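All chains are identified by letter, namely A, B, C, D, E and F, in their written order; residue positions are counted from 1 within each chain.
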Amino acid sequence: MNKNIHTFIGCDDEYEESKIVIFGAPFDGTTSYRPGARFAPSHMRNESYGIESYSPYLDLDLEDIKVFDGGDLELSLGNTKKALNTIKNYIDRLLKDGKFPIMIGGEHLVTLGAVSAFINHYPNLHIIHFDAHADLRDTYMGEKLSHATVMRRCWELVGDNRIFQFGIRSGDREELYWGKDHVFINKFNFAGIERLGGRIKDSPIYLTIDLDIIDPSEFPGTGTPEAGGVTFKELLEAIWKLDSLNIVGIDMVELSPIYDPSGISTALACKLLREVILQWGKGK
Amino acid sequence: MNKNIHTFIGCDDEYEESKIVIFGAPFDGTTSYRPGARFAPSHMRNESYGIESYSPYLDLDLEDIKVFDGGDLELSLGNTKKALNTIKNYIDRLLKDGKFPIMIGGEHLVTLGAVSAFINHYPNLHIIHFDAHADLRDTYMGEKLSHATVMRRCWELVGDNRIFQFGIRSGDREELYWGKDHVFINKFNFAGIERLGGRIKDSPIYLTIDLDIIDPSEFPGTGTPEAGGVTFKELLEAIWKLDSLNIVGIDMVELSPIYDPSGISTALACKLLREVILQWGKGK
Amino acid sequence: MNKNIHTFIGCDDEYEESKIVIFGAPFDGTTSYRPGARFAPSHMRNESYGIESYSPYLDLDLEDIKVFDGGDLELSLGNTKKALNTIKNYIDRLLKDGKFPIMIGGEHLVTLGAVSAFINHYPNLHIIHFDAHADLRDTYMGEKLSHATVMRRCWELVGDNRIFQFGIRSGDREELYWGKDHVFINKFNFAGIERLGGRIKDSPIYLTIDLDIIDPSEFPGTGTPEAGGVTFKELLEAIWKLDSLNIVGIDMVELSPIYDPSGISTALACKLLREVILQWGKGK
Amino acid sequence: MNKNIHTFIGCDDEYEESKIVIFGAPFDGTTSYRPGARFAPSHMRNESYGIESYSPYLDLDLEDIKVFDGGDLELSLGNTKKALNTIKNYIDRLLKDGKFPIMIGGEHLVTLGAVSAFINHYPNLHIIHFDAHADLRDTYMGEKLSHATVMRRCWELVGDNRIFQFGIRSGDREELYWGKDHVFINKFNFAGIERLGGRIKDSPIYLTIDLDIIDPSEFPGTGTPEAGGVTFKELLEAIWKLDSLNIVGIDMVELSPIYDPSGISTALACKLLREVILQWGKGK
Amino acid sequence: MNKNIHTFIGCDDEYEESKIVIFGAPFDGTTSYRPGARFAPSHMRNESYGIESYSPYLDLDLEDIKVFDGGDLELSLGNTKKALNTIKNYIDRLLKDGKFPIMIGGEHLVTLGAVSAFINHYPNLHIIHFDAHADLRDTYMGEKLSHATVMRRCWELVGDNRIFQFGIRSGDREELYWGKDHVFINKFNFAGIERLGGRIKDSPIYLTIDLDIIDPSEFPGTGTPEAGGVTFKELLEAIWKLDSLNIVGIDMVELSPIYDPSGISTALACKLLREVILQWGKGK
Amino acid sequence: MNKNIHTFIGCDDEYEESKIVIFGAPFDGTTSYRPGARFAPSHMRNESYGIESYSPYLDLDLEDIKVFDGGDLELSLGNTKKALNTIKNYIDRLLKDGKFPIMIGGEHLVTLGAVSAFINHYPNLHIIHFDAHADLRDTYMGEKLSHATVMRRCWELVGDNRIFQFGIRSGDREELYWGKDHVFINKFNFAGIERLGGRIKDSPIYLTIDLDIIDPSEFPGTGTPEAGGVTFKELLEAIWKLDSLNIVGIDMVELSPIYDPSGISTALACKLLREVILQWGKGK
């Protein structure tokens, strides 16, 4: 008899045959306000069976695409550096094996582990960053490694004018002023996203989606809900506009099931993950 | 002293004097994912006292209209066929008595019980179907009778081109492809609903409203929340556009109070029921 | 060592140096349906540390403005008159000291205590009223003092054509008909708000914001959720349009944390309070 | 067709034929801490269908006893005196009609309305009081009428040595010291309850059960949970020991469904109500 | 890379090498009151990582015992007979393979599927039944197959005096009177359980544990909470007293995670499952 | 006007005049399973106004005792060592000032910060440890600093036979076997606690109370609920038995308000804190 395999819906293929690899990074050790993102990836696996594997938006089905679900990494909550290193090493292997990684957080700091791996494979890496928060502080509560500093750390790896932020509607004054000189910030919405192709069409791009970019009405289950966000439909359309770009890896972070008593945030995240897998897996 | 009568707000008239009859069909026996629709009608009665009987949209008041609330049917949860038969027989009597039935589900399968009764009284019955899900599968988990097959079963009763679906944003590939040949499907929204009058103006029409057509932000309390839905305002406007049609009966299904911790879904459903009663009861 | 001071974020200045004074009025004694507004002000203080003190909308920071947080008044829940009197006396002192009061309810009836104080200082007082409900009944459940009668009582103090209501989408027929002759009512939204300047530009204006004007999807945590409301963005824009008016005091009422299991309502209220403080505190 | 009658399970008899009358007193207007007792009686009706009408403790069935459920009184939340008067008048009529009243609160202050009626019919009235709190303050937050003063007000009606308290484990020092001279207080448990028969065997006795006497582990859904309470089994045994006394009326108060997310408090209260009805209704 | 295996803690051994096999039966299709038992087995797997694999009660560790976790059966919610047949066939195979089955419900009706398999292998089967409810009705709401009739159906398979019930504290009068003649019923607690050895020492025994036997204070998360239950410690001691009996299979049913907001019911169920596995797996 | 001071009920005295100092250590950075202990101390302050300042157990009142509430320390969630150092330094100052510290966690690791300070002032320090878990691992998930290793780290500071554990009912085999040689472990309950006086009567003793020693029925709101715990009454009696010992400091840890939807855990913790303050503050 077979053991109980537990994957995201439609993602039960073997590693070797899969181009897309999804995995969980259940770390929320620096979350300063409302914790729980650690529970996101396993919770999404459970709840993914409430959605269909077929997308009426794209007329594609997860059944048509080979996806391997690697489960959750074992990440030490009290030791931030070690956790980031575990992520880095895992993605490193995926990239060496020619996979397209999709990481499910966890808090946003896990992106640093990912970018640390990608930058080695793609020295010219660019980052598209969807988020309510700029995450550009140099330190937060005295720490260099924090969900609130993650894009600053990423900037240290990729350099000026390589990070493109959309949807930002929260930050402290200093980081936002600093950001004007070092990254592209589009506040509140996705205005101008269709022009990205002209600028970075062929560059390798890492896409990091902090789900709190979505309005709390549609996505209450997150650590720091910020009123005035984008809708799921707007987010979907923004993602479609990235279709011609050279995306090489993706993460989705900051779902906290603890603060999602009705379950709608998890259901949305599952649906978004399906769309993301289908969009970038369709030709692979 | 009088006994404790428990009705939806403003619906405390006698059966004989009422044209409109509302009743509950508390069945969710085939719900495969998140149960609880069984609790919807009684919960709506309780919570209906949080809204007003007067509608500022229509400038009408439930006090002006005679409505009888028949309470909840006793439906066997383990015996699907019997439950559907109980619904059919009840509506059969209402139609014989010349009433306008409004049924409160329960899961969507209860619509099959209703349509089985209506088709006998109106052989030319058409169905307008608001829903996030197509519900057009032939079988689901091996079963013919399921919330996911209910419109396929209804199609077997009414035939090709009699079902008009709006808002559909979820389904498996097979059912959606099948649907193209047998029913009218408008995906995602209410586009084209104003043209229904030209096609089926005088035909008797059953209107079935699966409340999960509404976006989960406004209506989290349902079994299968699907991001990307319509708003309450859009739904209301769509309903206004049906005003000139020959609607002969209505249901509202798939509210699950279990997944509505803030109560906003139930409050919305109560308000929608008020608007529906006022719109179709105003001339009666 | 210092004691544990507990204030809304960025509002820890001394009374003497502050122009803006915020305080809580934790009273919900006449709430007929879903209670809990009593918990709003202290809950907002706790949760305010989840937002930033800086506003990317206004490019202003609470750190730049002197604000005193007076804590919560001690209000007797069983004795409505006494509670209103306590509010009146407190605001009276603030006005004598030249402060700009911002009161956090509590239920909407607390506005009557405030207006009773303001009318003495500003005999020509006008009221701008954002709300889902007209609150214009003469009595409610036999009582003169109620959340459902508060604007009628305020009308008795300020007189005809001094109250401007926006967003109203619920009421009984009688109060809404009465209102047509005595107050300005704009149903459902903020249409026409930009024309207020022409009518009451120099008059002293009290702004009362019943947070249930916001759609329940964005603000579920309130006593009487009414589908079909305005968005946070629309509310913010409406407030910006009041910038040139002579606002002399503000309240925000009807957040009930009990019905806000995900916390998004409280987070929104905190953000709105920040924006309100910044907008009216920026020149002071 | 019959209207939707809504009663506690097994309590659907006519008024005239019933000796026992149960009714709800949905008032919590003076609750200073956690509200919601207003919702208790209607919530108990809904949930009572989760228990059986038969008691394996007493080998009796509600089907054997005639009980009328009068529904909920309409009580003004903002006007404490009027609410108490409504209760008094209702019970007054029940007593004139020879009924045995069982009142479901609401907060504990409703007991004062009841005792005000009983004292007229039974000048020699005694009170047995089960509670975590002494409720013997003269005033609370400046008010004479409060859930925290209710037994002091009752004492003013019945006089010294007529009140017998059990289970008390909370109070302020002053009220507990005062109580030593005026009432019988047994702290923490039911010790000595079997000796009541010798003291007040033939006197008419009103039994008031504040459900927060039960340990919060078994009964979390109450306004002021106090660790260290009695168990359901101990409470049941205590009630059995009152069987030979001349109980003339009963109330059960302080269930707050808002704070009972798992539903166990409501279920316990329903079961206790069944046992109380059966015990005092069996010979009637 | 390995796929994501998801098992109860410490139960990740291969089928062939394991004597103990645990699996989920996620069916609650006849649950008449509060649903959700369908979610129990997968929820227990998730939460089992909050307990230790070592038992300080037995000084044994799951690491020492070979246990295979077969995952959840696919059971049709709308088709009761088919679901029971799926269970029967699965257990049939386990018994043929010489395994010791431990089934995690699901509602109590799943026991009928299990007993239908065991009776073929053990014609002399006895049943020990821990429960708050007798479950001895002949029909419930008109149905033969129901959580409320399951032990009656089992009785039809095993015959008179083969069923031993403990902890029963709820039922209708008829079933309890019937039960006196056909099964052994010990109401309320485990009195006399130590004498079972003398009666049925060598007979093959199926042990079915309806978790609602535990007091709702310790186990709120169940469909029909009944005040006055046994404690976890008492249940553990009762189980120890069965150690010398010839138990051939076990089930644990009626955990409903929906009604377990604090998670303590699931945690208790996990711990109990660990103890049960250790006790009966220790010599195997 | 005074600022808004926020303290535990009855603890609003000045630092200089107070012998007892309470403060919060809102750290849960190594919590591996269910987080939220970070919210405990501020939540307890809020909810403490639901209890009385008077204890009917001790006939003492917080009003009689001088207690300073120092608020919450600012602890870095991502930097465990720094957080522990902050705690150590704060307590160090309290001890130098001759205060009796009572620390409110936070997770159990905060105890290490405290013991690090106490051991300097009391080289002969002993520790009494109430807990469900032994917390004696050398490492946990590869880390030396963890809630699961805290007593091992403390043992490194105080040495063999200085730690006395009560109530332990969970751990891995290795730590419990190790513990037999190095600390005193009384499993499951408080047996033998009255004999502590004979062994360590005059030694300085630090008392650490992990609240999960209490049964989850009474205390669900904790990170790792373990069925089979002690009751509040048993805990209180155990504490009374320590009255003659030379307790020099105390902590209470592991309340997680996130998992306490009914609020009973927080209410219990507040009551226990009151009793602890009164018992050790009465002579000071």
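Throughout what follows, contacts are C-beta pairs under 8 Å (C-beta built on N, C-alpha and C of every residue); 3 or more make two chains touch, one makes a residue touch a chain.
Just so it is clear, the model here is predicted, and its values are computed rather than measured.
A.B. asks: Quick one: which chains contact chain B and chain F both?
C.D. replies: The common neighbours are A, C, D, E.
A.B. asks: Moving step by step between touching chains, how few steps can get you from chain C to chain E?
C.D. replies: The distance in steps between these two chains is 2.
A.B. asks: List the centre-to-centre spacing of chain D and chain F in whole Å, with centres computed as mean CA coordinates.
C.D. replies: Distance between chain centres: 38 Å.
A.B. asks: Centroid of chain A to centroid of chain D, CA atoms only: how many Å?
C.D. replies: 55
A.B. asks: So which bits of chain E are touching at least two other chains?
C.D. replies: Expected reply: 215, 217-218, 261-262.
A.B. asks: By the document's touch definition, which label belongs to this structure's chain graph: line, ring, star, complete, or other?
C.D. replies: Looks like something else, not a line, ring, star or complete graph.
A.B. asks: Following the definition at the start, I'd like every touching pair of chains, please.
C.D. replies: Per the contact definition above, the touching pairs are A-B, A-C, A-E, A-F, B-C, B-D, B-E, C-D, C-F, D-E, D-F, E-F.
A.B. asks: Which residues of chain E touch chain F in the complex?
C.D. replies: By the definition above, chain E touches chain F via 49-54, 56-57, 59, 61, 215, 217-218, 232-233, 236, 261-264, 267-268, 271-272.
A.B. asks: Within their complex, state which residues of chain B touch chain D.
C.D. replies: 1, 3-7, 12, 14-15, 42, 45-46, 68-72
A.B. asks: Once bound in the complex, which stretches of chain E touch chain D?
C.D. replies: Residue list for chain E touching chain D: 33-34, 168-173, 176, 187-188, 215-218, 220-221, 224-228, 259-262.
A.B. asks: Applying the document's contact rule, which stretches of chain D touch chain C when the two form their complex?
C.D. replies: Going by the criterion above, the answer is residues 28-32, 35-36, 38, 74, 76-80, 82, 141-143, 145-146, 258.
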